[in-house]
Amino acid sequence: MRPAGIPRDLIAMRVARELEDGMAVNLGIGLPTQVANHVPEGLTVWFQAENGILGYGGIAPDDAFDQDLINAGGQPVTLQPGACFFDSAESFAMIRGGHIDLAILGGLQVSERGDLANWMVPERGGGSIGGAMDLAEGARRLIVAMEHTARDGSPRILRECTYPLTAPACVDRIVTDLAVIDVTPEGLVLREAAAGVSPGGVQSVTEPSLQTADDFREMTF
Amino acid sequence: MTSKAFLSCNEAIADVFDGATIMFGGFITAGTPTDLVQALVERDTSNITGIANNIGIGDPLDNLCEKRQLRKMIASFAIRASGARQSRFEEQYRAGEVELELVPQGTLAERIRAGGAGIGGFYTPTGVGTVVAEGRETRIIDGREHLFELPLRADFAFIKAHRGDTSGNLVYRRAERNFNVTMATAADIVIAEVEELVETGELEPEAIVTPGIYVDRIVKGERHEARWYP
Amino acid sequence: MRPAGIPRDLIAMRVARELEDGMAVNLGIGLPTQVANHVPEGLTVWFQAENGILGYGGIAPDDAFDQDLINAGGQPVTLQPGACFFDSAESFAMIRGGHIDLAILGGLQVSERGDLANWMVPERGGGSIGGAMDLAEGARRLIVAMEHTARDGSPRILRECTYPLTAPACVDRIVTDLAVIDVTPEGLVLREAAAGVSPGGVQSVTEPSLQTADDFREMTF
Amino acid sequence: MTSKAFLSCNEAIADVFDGATIMFGGFITAGTPTDLVQALVERDTSNITGIANNIGIGDPLDNLCEKRQLRKMIASFAIRASGARQSRFEEQYRAGEVELELVPQGTLAERIRAGGAGIGGFYTPTGVGTVVAEGRETRIIDGREHLFELPLRADFAFIKAHRGDTSGNLVYRRAERNFNVTMATAADIVIAEVEELVETGELEPEAIVTPGIYVDRIVKGERHEARWYP
């Protein structure tokens, strides 16, 4: 049986602990978006929206909706002091040129080599690439934030992705409702697991084999 | 100097022809040339190839699907990975009635920039090892694989800015710039919709983002409060 | 003997008659710069300086020197209503992308095919390309404004340029102190000559043979 | 957030090493990082490869030639075609003491942009049929010959803006932008000199031209009235 994981908001809080002062960070659509609401006290993080904002704050309350002040998912956002605007070509120059310290993207599947698939469910067809391929190639560090398993309980961390890739070998760390897993040249390393979840519990819903880190510990937020 | 101002969107787009390739600025709710697109819907122009970042539920562009005016879209965001409500474009796409060329957003922006900047082509690492690279020319530069990409141009660009002057100079509000700025450089005829149209000289030189020489026609539209559809 | 030509300022005035309302025009260093001071009454011309100005006016009086408001030759300029600023990458995107209707450049040599040499005197070495190569490739129309002959009286309009090229086959029209000559697929066509100068006089200081246009006439300003 | 402000130019450039490649913003008198260059002269750093639009009489960069700090310049404007007075750089160039790589100005700007924008290389028609093309890879695109150009990056960029905040956001005055804006994106360490240094939040978001994340260090310099040398 699949171990019980932490709620989505706690995944966002765990990911938010990866933020460092002064970082430029791009948040993908969906779960990653919530990270903006959990920036640790005292840190300044420059959230970049690929539609042309650097320095947005959290998601804006609904009654403060400004159609010209949205993130790449279309959600209304607020502005921090020092924010600025630019066009899409400049925005992707920033992304492709390695100026984004950290991208936090949602995932459908991640392979043991760190291949990411997050833009298309083949059964459903179509798909939307958006900025994901550029971010996966261009960001200095890439964290995938996702549910550990698909709705039917099948693993999303696989030996090989079966969905079309966003980029090969691009993921550095995976944060799920069950665990924090690093992609390393030696394979996947389990660094943390949710309270009450054992390494064996994580492995039972993960296709490739996980090494348990020497300093393996419980996820904290 | 002769003013570039037009009195209505209908007049500003009067020579848009069936089969035209048209770039549409805007990103979801920000910087969308709503009135120009509505005029295009009313004009009944058919067989359009559209180039835009996105087409989805609530986008004015989706209205072009009502009378099946679109032949093809080149876009980065068109079909949702999640199973939410379908746009009319998505319905027509799934029925095989409209073509879709899906392009990574940064590659789309850079191809348009190249089209406007006289760059014959460029190499980007984006898309390597994905379906985007299938059958495509690649090159190893500095040890890293890159895809070769060609410039993109259009017959017309429909763009939106906050303020403009009668010489075509444009100023954008907040995140309105997105694809508007680059598309203004990459089409034979560039038509700008603005919320406020002022005389030449009223815009601060340092604040102008799109130089007027890129813009052929400018027309005052209305501000449409747009909502986000999650 | 070399026919007597018009003064440099009249060359600039003649070139200024090529300006049309609303044109984007780039003026090269030297003689072309003076064209900005002869814009016909009632026309609005957008002078582009490749260092990042669109819409400068004439050369500024010396006491109005602003070091941040200079043309590509370093000369102080004034601003017209509707002027704007941009960076060098954007400026050359504008030039290379075909958004400049007319470039007026100085010349050292022009060939009968319209090759231009204007950035280096081999005897002197070094040279400075500046924006000339981009302008010669990118402008929709290119007029060369120069003295008809070198200081020693030798022709500058040649069958082949002997100096290093700025760009091949780029010149549309040549305006000198003696004549207005068009580069056409059929060769050089003499359209106008200075008052008192005959077609034969122009030909005597021009290496390739000139056809005289059917509507050949005296230069006016 | 930790402020990026440094108290002096000397401190801001303290880790510039012998043999470094340095981009210098500025175009003749506009947007030149005069105080940073002067600090470099005083620091005696040697064997520098400089990348700049121009080096000539009256340019602060020419002062680097006094103690022969330059090994090589990559520039578009360095040696005058006319026979006017020679800069120290020109003297040393003619004596074979310093190297010069002359690049068309638009190609120089675009190569720097590519270096900052993660573009692996690009094709430009500029330089085809000239000495610039000698021994170079060319390609016919859309019937027109193009040259292949590679991106350009540096260890450091010294740039100048009018105002900046302690997060590194920059605003330029008039034609100050020139190469400063693009160079800010293409060096490992970017050091900005500004005439006025303000707190983060004091600059209008729409007016910011260089986003702060490109700038590593910012220092207040003096305004130097520069003159034009015809």
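Which chain is which? They are A, B, C and D, in the order written, and residues in each are numbered from 1.
By our rule, a contact is a pair of C-beta atoms (placed from the backbone, for glycine too) under 8 Å apart; a residue touches a chain by one contact, two chains touch by 3 or more.
Note that this is a predicted model, so its numbers are computed, not measured.
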| item | value |
| --- | --- |
| Chains contacting each of chain C and chain D, listed by label | B |
| Least step count from chain A to chain C, where 1 means the two chains touch | 2 |
| Farthest chain relative to chain A (centres taken as mean CA coordinates) | C |
| Mean-CA-position distance for chain D and chain A (Å) | 36 |
| Between chain D and chain B, distance of the C-alpha-averaged centres to the nearest whole Å | 33 |
| Chain A-chain B separation of Cα centroids, rounded to whole Å | 28 |
| Per-residue overlap in chain A, given as positions that touch at least 2 other chains | 85-86, 92-93, 95-96, 137-138 |
| Of all residues in chain D, the ones touching two or more other chains | 110, 113, 117-119, 124-125, 172-174, 205-206 |
| Arrangement of touching chains [line / ring / star / complete / other] | other |
| Touching chain combinations (by label order) | A-B, A-D, B-C, B-D, C-D |
| Sites on chain D touched by chain C in the complex | 27-31, 53-54, 76-81, 83, 90, 93-94, 100, 102-110, 112-113, 124-132, 162, 172-182, 209, 225-230 |
| Of chain B, residues touching chain D in the complex | 110, 114, 117-125, 139, 141-142, 144, 146, 150, 171-174, 205-207 |
| Residues of chain A that touch chain D when the two form their complex | 21-22, 24, 43-44, 46, 54-55, 79, 81-86, 92-99, 137-138 |
| Chain B contact footprint on chain A (complex, rising order) | 49-53, 65-70, 72, 74-76, 85-89, 91-93, 95-96, 108, 115, 118-121, 124-134, 137-138, 164-168 |
| Contact footprint of chain C on chain B as seen in their complex | 1-2, 113, 115-119, 165, 167, 169, 185-186, 200-201, 203, 205-206, 208, 211-214 |
